[in-house]
Structures are given as C-alpha cells and as structure tokens.
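The next part holds the structures, each set out as structure tokens.
Shared between the two complexes below is chain A, which has chain B as its partner in the first and chain C in the second.
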Partner chain A sequence: MGRIVLDGITKSFGATQVIHGIDLEIEEGELAVFVGPSGCGKSTLLRLIAGLDRPTSGRIEINGRDVTRASAADRGLAMVFQSYALYPHMTVRQNLSFGLENTRMPKPEIAERIDEAGRMLEIGELMERRPTQLSGGQRQRVAIGRAIVRNPTAFLLDEPLSNLDAELRGTMRAELARLHARLATTMVYVTHDQVEAMTLADKIVVLRGGRIEQVDTPLGLYNRPQNLFVAGFIGAPNMNFFRVRATGGQAELPGGLSLAVPGEGEVTVGIRPQGLHLATGDGPALEVVIRLVEALGAETVVHADAADGTPVVTVLSGQPSLAAGQPIRLAFDADAVHFFGADGMRLEA
Partner chain B sequence: MTRIGEFLFRRRGHGGRWHWTDIATWTWLILGTVLMFGPALWLVGSSFKGPAQLAEFPPTILPYVQEVTEVEGYDKPLPLYTATLEDGTTRTLAEIRRIGTNSQMVDPANPGEKINVNIANRSPLREIGLATGNYVEPLVANNFVLFLWNSVFVTTMATLITLLTNSMAAFALSKYRFRGRDAVMLLIVATLMVPLSVILVPLYSVVNATGLLNSLWGVILPTVATPTGVFLLRQYMLTIPDELLEAARMDHASEWQIYWRIVLPLAAPALAVLAIFSVVWRWNDFLWPLIVLSKRELYTLQVGLNTYAGELNVQWHYILAMTVVTMIPVVIVFVFLQRFITTGIAGAGIK
Partner chain C sequence: MAGLGQTLGRAATWPLTLAARAVDPPLRAWQRRTGTGGMAAVFLAPNLLIFSVFVLVPLVLNFAYSMTGGTGILLGQRPFVGAEQYARLLECQDYTRPITCREDQFWTAVGNTAQFVIFQVSLMVVVSLITALILNRDIRGRSFFRAVFFFPVLLSPVVVGLIWRWILQRQGLLNLIMVKLGLEPEVWLNDRVYAFAATIGVSTWAHMGFYTLILLAGLQAIPRDLYEAAEMDATPPGRVFWRITLPLLGPNLAVVLVLALIRGVQIFDEAYVLTGGGPGTSTLYLTQYIYESGFASLLREPGLAAAASILMGAVLVVLTLIQLWLSRRAEGRKAR
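Entry: the complex of A and B
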C-alpha cells in the first residue's frame, strides 16, 4: 500500500511550463521529501500527485493503478496544507469528521477514529473548539489529525511547518518523524527547509526549475552531490567553490595550492565549510584572510577571502582566537573535496 | 449618569465657556436631527390624527381629539366647546346640533337649558388623543392584513430565492475557472446600468406569456436575480481561500457539498447583507407589483396604500397610518442589523 510512481510528468500553465518531465518512484512506507528553492515546482508536483491539478502529460500510478485522470477524492490520499485549511466554521471534531461523513462511514466508526487520532495527537480536549481558538501548533495537529482519520494510502504534506515559530517547528518535526515511524505510511513532504529535509527524509528529491536534480538519501546527497546545484543547496553554510583550470590532472587553488583533479579544463572544486580546518605545521594549505568571525560557542564560523577574492567559509570547532584581517592557513582532507566539470556535473575522483 | 451627561455635554471651550465650534457643532447636529427625524415624527404623529385635523393649518406635531361628554337625555356623547356668550362670559358647553351659523349647545351640568351660540364664538375643546381608527379600520375592514401577508410572502420568498441563486452564481464566478467567466461577470454587472423602467414592457410581456400575471410569483421571480447581489457575494467569496475548497475536495466532498457546507457558511456575513438589502428592496417595491397585480386580494402593502389615493379624494389619515405599518419591518431590520449593513457595505465597496 502506498507506492507512488510518476512517469514523464509535465505541467504547463498556459505557455509557461513549470514541470519538465519528472520520473520518480516513491516506495511504500517511505518518507520522500521534495526540496528546492521557491518556484522549483515542488508544490505543483505535490498538487499533481494529490489530484488537485492535472498533469499536461505523463502518468501517475498509486499502488499500480493509473490515477492520472482520477479525482482527488478517489486517490485515497490525504493532504496537509501549508495554511492548514481547517474549516473555520466547524469545530475540531467536525473538521475531523467531515471527510469521513462524506464517505458515508457509520457514525460509531467515525467517533472511534476521531478518538484515536485525538489520543495520538493529544488534541482530545480541543474537540469542541473552533480553529480560531487554537494556537498554531494545535492547528497543525488538527490538520494532521484530519489526514490521519482518513486512513490514507499516503500523506501529502505541503510545507506543514513553515507557519510555526522556530522552537515549535523543531518539536513538530520530531513528532512528525515519530508519527511516520508509527504509522509506517508513505509520506510525501514538501519543504524549502533543508534541515527538515535532512532530518525527516528516507529519500530526498532535489528539484530546480521543474526538473529533478538528484534523488538520494539525505547522507547520500550530502556526501555525493551529483551536481553543483545540489552541492550548493544541501548543507549549511553553503559549500565553498573554487573555479580552477586543470591541466594534466593537476590544478591550482587560489594561493598556489596544487591539487590532483579527475578532469581537464574548467573544473569547479567544492569543499564544505566543515571540511576545512586550521593547518598545523608548514604543509600545503589554502591561505586566506579573515573577513568576519561569527563565534557561536560550540563552533566558530569564519568568513574569509582567498588570494583571488573567492569567498571561503569554514566552520571551526571550539572557540579559536581569530580576528578579522588576520591571515590563516586552512587544510583539508582529500576525501572532503568534490569536483564538478564545466557542465556542472560531478567528476568522480 | 453624571458621567454620561458629562460626555454628552462636553464642550471645547474651557471653564463652561462656549467655543465657536461648540455652537457650530450643536447647531449643525440639532438641524440635522430635525431634518432627519422631523418628517418621520410628523408621519407617526399624523397617523393618529383624524381627517379634519390633518387638513388644519398650521399643522401640529401631536394628534388631538375633541373632548366629549355624556349629557343626560342624549344618547350619544356630545362634543365639548369653549363658548363665549353674549354677556361676555366664557363657558364650557356641549354641542347638540349645528344649524347654519348657529350652534345649539347645552351645559352638561344643567341639561335642561339650551343655549344658542354663533359658531364663530366657540372653539373646540381638545385633548391629546389617538385616532386609532386610522389603524384599525384599514387592517380590519380594508384587507390590509391580507396585503401585509402578501408583502411578507413576496419578501420572504424573493429573499430566499435571491440568496440561493445569487450565491450559486457568485460561487461559480469566484471559484471556478472557465472560458468566458470574466465576460459573464461583466455582463451581470452591466445590467446594473439598466433601470427597471427601461425593461418594463418586455418584462411585462414575458410575465404575461408565462401566465404569471396576477400571481405573487409574477412579482417574485423577475426580481430574484440581482447583479448587486451576485457582485457583492462574489467579492466576498474571492476572500475565501481556495485551499479550503481543495481540502474539502480531498475530503470526498462533492461540488454541491463544497458550496453548501463550506462556502455558504463562510459567506454568511455577505449573505446577511444581501438578505437585508433584499428584504428592504422587495418590501418597498411599488412599481412592479402595481403592474403585475390587478386583483385586490393579491395587493402588497405598497400597492394597497395606493388605493387610498383616489382621483377625487385622498384618504390621508389611512395612508399615513398604513405607511407607518409598512415602515415598521424595515425599521426593525435596520435597528437590529445595522452592524451587518455597515460592515457589509464597507466590505463590498458598494452602496
């Protein structure tokens, strides 16, 4: 139950094409996260799966059944909207029961399901209130509850945490993870927040401009980004990029540090800020000048400039005594370096 | 109480002095109050006056009736007058009958003696009193209760159908995308520019052809589709988030259920405004019911009122009294629902 397959999905609004041929498989019980910058088509893709919009071409299958032309209600999915979309004129109980009443479910069963969802989400005592009388977190729970009572084949969640404050977002994120572990139902989750993506996902789908950039596990994305976009998008702070020219398998980083490169010509060298550390001794190192020091306590984020002006960010553990204007030498391990060709695709070392 | 008084009589001038703006404000407000309430007060006051008093000049605000008294030896109560006698004394006498310019009078205390007085020398003795017959007679004898029922029926049915059809049109025009939607909306709003008098004749033909002449439905049906209502409701429904409808669609709701269980309850404030408008419009309608209804038992109040204005004789006392009756529901609607009216008008941006 809950296997979703997208096959060559495209979507145009008038003359503008927003989805350019998406092929994707979401396995049963998987929590797949669509992540990408705003306007990348991730919400549109979710709406296509939900059946709220129809794809211009392509097929959508749920559990092997072609649902491309099926209505939203007939797909057996439940959706949690960004604005929660709770019916403001109904009590929480009515909000939860509305969908079940529409399927002509017997009343005792409706009550049973609502009670169960109320217990699971700890909203039992809010049942007679209206959505306007609830806090943001409570509304979020009710919205999830409305999806759960339907007992759907898959949950679709459209930026469900973006309206919450930072602290609540953290709590709800953990709760969602727990919920997924408990229900073991397929979930498709849309977010622009990579922390949510990294912490929740079994599988992350990185989208840009209506195309899939990479599909992988969170750590797979982090460790082996397939292209420059994914490399820059996943991980905070962003990866440092150096544009270099490789000749004979060798290239020079700004400042003269020489490096073995698996390619020729224009190559981009990427090193994560966490991959750089202060060089000890006189070994080969990247020489930079500090522009700004952000001491966070447990770690220190150093913004610096390389010899040719390329900005370099590094995250150093602890509280090293550094000041703006000070030149430092940074070293890195060979396996922390990513290489990308002139076309932006990953070059295997 | 003192605080309320303090608030009401607060002045800009300090230490009890009058600033010129105080005088201007008070004058303006009093003038405005008289202008606004004067006619209404006169109407209510005059509706209790008899026909003779209505014809009097100068007019009075309060209704008066002539005092009468029982005099021994006479079957009916006799009207009382203040009479100046030939010897110059003034006495209160009851009039038995009038003969030419002479009035035969009697002292109620001394019923045996008859006194002749010139009518120029007597003036009626009056007290404030209500000519309630103005109300009772039309309501009881002249079918006004039936007219009232007709008006209530027309207003209620027209308002209900108006709310239903206009909200359905507004729902489609605000929540569905279809080819020509804006053109349809424009067309509907454009009919605002066409006054009833222009389409009176074709409308009459249509109503006649459908056999609705002399039927209350002939009054109701042509009026139920109002561009104002569609526009007002559509503007309001545009503010209902589409996500709610999509959530309902995911919740297996049919399009009818979305309309009936989601959109309509959420559009309640706009519906209330339209209901108020519709009640006032239909209640005050005169021209169209006058044309459609020619049987007396089908008259609405407004048409019924017209029957008192004959070619030779206008029965002002009945007209005034029944005008008060027709005003009551509208006034009640305004008093209790004015909060909705103001917010609704402000929200829809129309009047």
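Entry: the complex of A and C
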C-alpha cells in the first residue's frame, strides 16, 4: 500500500504563494522523483506530503484516506532528511529504536527490526557508535535504516545524497535503487540532480516556480519534453536551441541549413548535443566554429558557435582530432530534432 | 562638502597622526632589537599594567594582609601572625553549629551562602530554562519579551535592591496592593524566611535574563530537523523534551549551572541593599561578612577579612576551573 494523491494543493507563506495548484498521483510501489531548480517548491511539496507543513488549500490522500489535516505522525510515512537528522547524543541502535519505542512496540520486536535493517544496510557493526563517529555514507545508511524499521506506507527522501561526495553518491544511488526494488514501497524522492532523477525514478515530476511542468518516465521526459523548460532542464549537456522563423513549413538554421518545421512564425528548434555528429560529404550541414574542446576520453564535448553567434554544444564519441578555432560541419538525424512554438510548448512534427 | 568633510576628518585624526609619528621611531628601534616577541610585549604592556595594578597587586596584598593581625590599616603597621587568621576562621567544635565556632558569624555566613546557592541556583536554572523554552517558541511579540527578560540584567545591583526594597518594605507597593485586596499586610523583610526568599527571588529576577540568553542560544543551535524527525516518529512532546532537547542542551545547562554557582557564592550588592543581612543574621552572606569584618564593623579586622576572602577565592577558583572545563568540552563537541 502507498498510493499518494495530491489534489489542487497550494501553499502560501504570508503573501507569497510558493505552490500553485498541484495535482499529482503517485501509484503504489512507485518511485517518484521531484526534480527542478532551487526554489521550485519540490522540498515544500515533500514537507506537505509529510505533514510537516499544512497546505493552504487542496487535499492530500494516502491510500484513499484524506490526511490533509492529519499530523505527520498519523500519516504512516517515514522521512530521510537532507542533513540525516540523526540524534547526535544517541547510538545508532538508539536512533533506530527511538521511533519504535514511541509506538510502545515490544522490545523483542524492536530488536528484531533493528537487526533486520542492520543486515539489509550493512550497518550491524555500527550499532553502538554515535553519529559523530560515522562517515557520511554510514550516516546516510543509518538515516535510511531509521526510516525502514518503521515499516512505513511510503518513504519520503529529501535530497538524501546531496551531502555525499561524487563517488559515494553513485554507490548510494545504486543501493537506493536496489532497496526500492527489494522493499517495493512507494518512495517520493526530492533532488536537483537530474542524474539521480533519471537513474532512480519510475516517474519524474519536473517542477518550476511551484508548478508541475511535466510528469513522465525518465525516457519519456528525455525523448518528448513537453516544453522548452523541460527540454533544457533534462539532459546534460543542455539541449541546443535555435530560434528560427518558419514560413510555409520550412525554416533555416544559422548557416543556411534548411529543415521542415511543424508550425509557422517564431519556432525554437531543439537538438540534443548527443544528436549532433560530424557531417560527412558535402551535403547540407550546420556550420560552426569550435570555441572549446573537452576531451573526456570515451567522448569529447565540443563547444562551438554558429554563424549568428548561437552557442552549439555537441558530444562526439571517441577522441576526434579537433582544436579551438577550427570550423566544422555538424549533421543530425531528423528524429533528434524537437520543435517548440512561440509559447514554449512542444510542436509535434 | 566632500572637501570640508575630508578637512574635518584630517583635523580629527591629526593628534593621532602626530602621536603615531612620535612613537614610531622608538618602536622601530625596539623591534629591530627584540624582534616580534619584543613587540608583543610592548602591545601587551598597557593591559598587563592595568591587570597588575587592579588585580595582581591587590591579590598579593590581600594574601599578605591575611597573614597579619591587629586593626591597623597600612601593612607596615600590622604584625605578622602567619596562618593564625585562617586558624581562627576554621576553628570549630561542630561545623554544623556555627555557635560552636570561634568566628561564628563567618560560619553563619557560610551556611547562609550555601543555602542561598542551593535554592537560588536551582531556581535560576529552572526559571531560565522555562523562559528560554517559551521564548524559543514562535510566540507573538517574541523579540519584545526577550528584551523584557534581559532588561533587569542591565540594571545596577543597587538599583535592583532599592526597587525591591520599596516594593517589599512595610509601607511598600506589595503591602499597598494587599491592603487594597483586603488582605493583611506582611512585614516581608523582617521575617527570616521571607527575607531569605526575597534575596533569592530578587537575585534570580535580576540575573535570569543572562542565563536565559545562554540557554536560548543553545536551543537555537539544536537543528530543526531533529524535531521534525521526532515529529515524523510520533514522539510525544514530553519525550521530545527529555530525550532530545535536554541532552542536547546539556553543555549550555552545565555552563549556566556553574556560572550561576559562581555568582551565587559572590552574592552581595542587591541582597545587602535589600535586607542589610537581616533580620538578625538570616541573610548575612559571605561577601557581606568579609566587607563588614574588614571595613564596616566597629572593630575592623582587615586580616580576618582578607583570610576569609582568600578562602572564598579558593572555592571560586575551583568552580571557575569546572566552568572552563565544561566550556571546552562543549566547544569540543561542537567542533566534532
């Protein structure tokens, strides 16, 4: 169990409205990721689900029960905080048992749950240590353990990996994915890191300015972004955008390359850096001049400028011999191109 | 206007510039001769001089006085008696009964001070903690109340004593209110228990703002996440206080406890102005005994007063060392 429904949720702090009418359904066992830039309202939304804040209007349901006015304790949820929020004066065992003691659970059952979480997260050896004696990764595991022992309806995770270094973040990401597969419990995960979102999520909710921009699977977002913001936010490096004027279903990219466009007037053409490759032969191509070459070994990121100054980034496989100042010609496949109208919304080809 | 401002600025700094130019050559010469260490000594010298004149020399003189007898004021007029003054103070048949001691007033003052410290420090810690907990909540007018509770700390102890004497004296404000309410007036400061309670209450009122501030800072240093985690864990408010707030406030509470102890042992001004040590000797505290023995009684005994102050100083040194140890431990915990 663990279906979460948000219906017309708004939240204001004084005169400032930060969440604008969110409607969302998170299915049982799903791992939903809230992603968006800083200040987009993703953590606020998570706190509203947790019951740590109350919505100004709207309704929150968990498993069909209206919990909008219910306290955090009555929602059956567990939360992993960005700072871990481990009690510094308690041992790992005491941290794990603290919440269970509140429910007056028999001691043998508490011990059993702690042992099981300890085995699952490989923190059995750390039970008598205090949080200050643990590494960042170990603290993270304990924080997750504290959530697991409560056997919650759903887990809420607020940027749980943001305090870890890059290497540990990768390891913990994989562990979280494994944990979700094993527990099959609903998880709501907040992050600003799109790699985390793409690798972990069953469903990604892209937020901006307290509004949902798009809800889709990771590949759905990547392949069919519904607007310019999502197209620019998802994918690294960012998608290349060319503003063109379409007439009679045709438009010209900088440098004179012509292509068919599903619209009239001002249109934005989007091409992912991975969709561009070096043109072979003398056919029509996008002509650019290289500004910077970043050789990463397996691939090379080329930063260039089109004839009208539009910046163009491309990711080329391997280690092509390229240098700053060199003119190159780039080609792309028709299915790698996205079109957006003057209102920023997707135009179907 | 800018030109005038600059001219005025230059005029204001002119004496300083002149002084700097005057001391610069000898300082340079001194630095060439002694290096950085020598310069440090130069800059420390003014403070060391002040410390020596007002603390170190009096301390040594005080110790010297404690080894002398008689009623003479100048050290040269006083005969050396060794540790006799200490022996006088400490000579007692039964330490629980001051009357059996050679200097019974000293032991009465020690007993009163001990009782005062026990009751006042307990009250101070509890009241400061409760006030800090309330002021840490998101209440309306929080800044105003913080200022209100801190305000008595800014008052001179003599002013505090006078205010409360006017309130508690026979024809004071409290009795006036009681009469208006149809109650019998009380002679508050002439009753042993009430007078003792008054010194405790007044000194607590006067100093609690300071301790509240220390505890408030400690409360605000506890991460909000911990309370939210406890909220998610369905922790009852009482358990949050005993299991989270109190343990995490421990280092601050320890500092408050020791500081209040030190200040409690030193109680003098407001209590002296309020009760003058009476009725009888029921509010005679140690510092008042020292003051009266040395300066205010008909038979002035500076040697006895000095010896008593050295003994009290020893207790304060121990308490201060405990306080320093606790502060360093708290800092160590924060650093971790």
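Annotations for the structure displayed:
Note that the second predicted complex is superposed on the first by the 349 of 349 C-alpha atoms of A that agree within 3 Å, B and C clash if a C-alpha of one lies under 4 Å from a C-alpha of the other, contacts with A are read in each partner's own complex, and residues count from 1 in each chain.
Everything below uses one rule, namely that a contact is a pair of C-beta atoms (placed from the backbone, for glycine too) under 8 Å apart; a residue touches a chain by one contact, two chains touch by 3 or more.
Owing to the predicted nature of the structure, the values given are computational and were not obtained by experimental measurement.
Aligning the two structures on chain A places chain B and chain C in a clash. By the document's definition of touching, of the two partners only chain C reaches A:Thr132; chain B does not. By the document's definition of touching, neither partner reaches A:Cys40: not chain B, not chain C. When the two structures are aligned on the shared chain, A:Val206 is found in touch with neither chain B nor chain C.
In the superposed pair of complexes, A:Val190 makes contact with neither chain B nor chain C. Within the three-chain superposition, the chain B stretch that clashes with chain C turns out to be 43-51, the only such case among 43-51, 79-87 or 115-123. When the two complexes are laid over each other on chain A, chain A has residues 50, 52, 71-73, 77-79, 81-83, 85, 87-89, 98-99, 102-103, 146, 150 in contact with both chain B and chain C. Residues 50, 52, 71-73, 77-79, 81-83, 85-89, 98-99, 102-103, 146, 150 of chain A touch chain B in their complex. Of all residues in chain A, those touching chain C in their complex are 50-52, 71-74, 77-79, 81-83, 85, 87-89, 98-99, 102-103, 132, 146, 150. Across the complex, chain A is touched by residues 223, 225-226, 228-236, 239, 243-244, 247-248, 250, 336 of chain C. Chain B meets chain A in the complex at residues 241, 243-244, 246-254, 257, 261-262, 265-266, 268.
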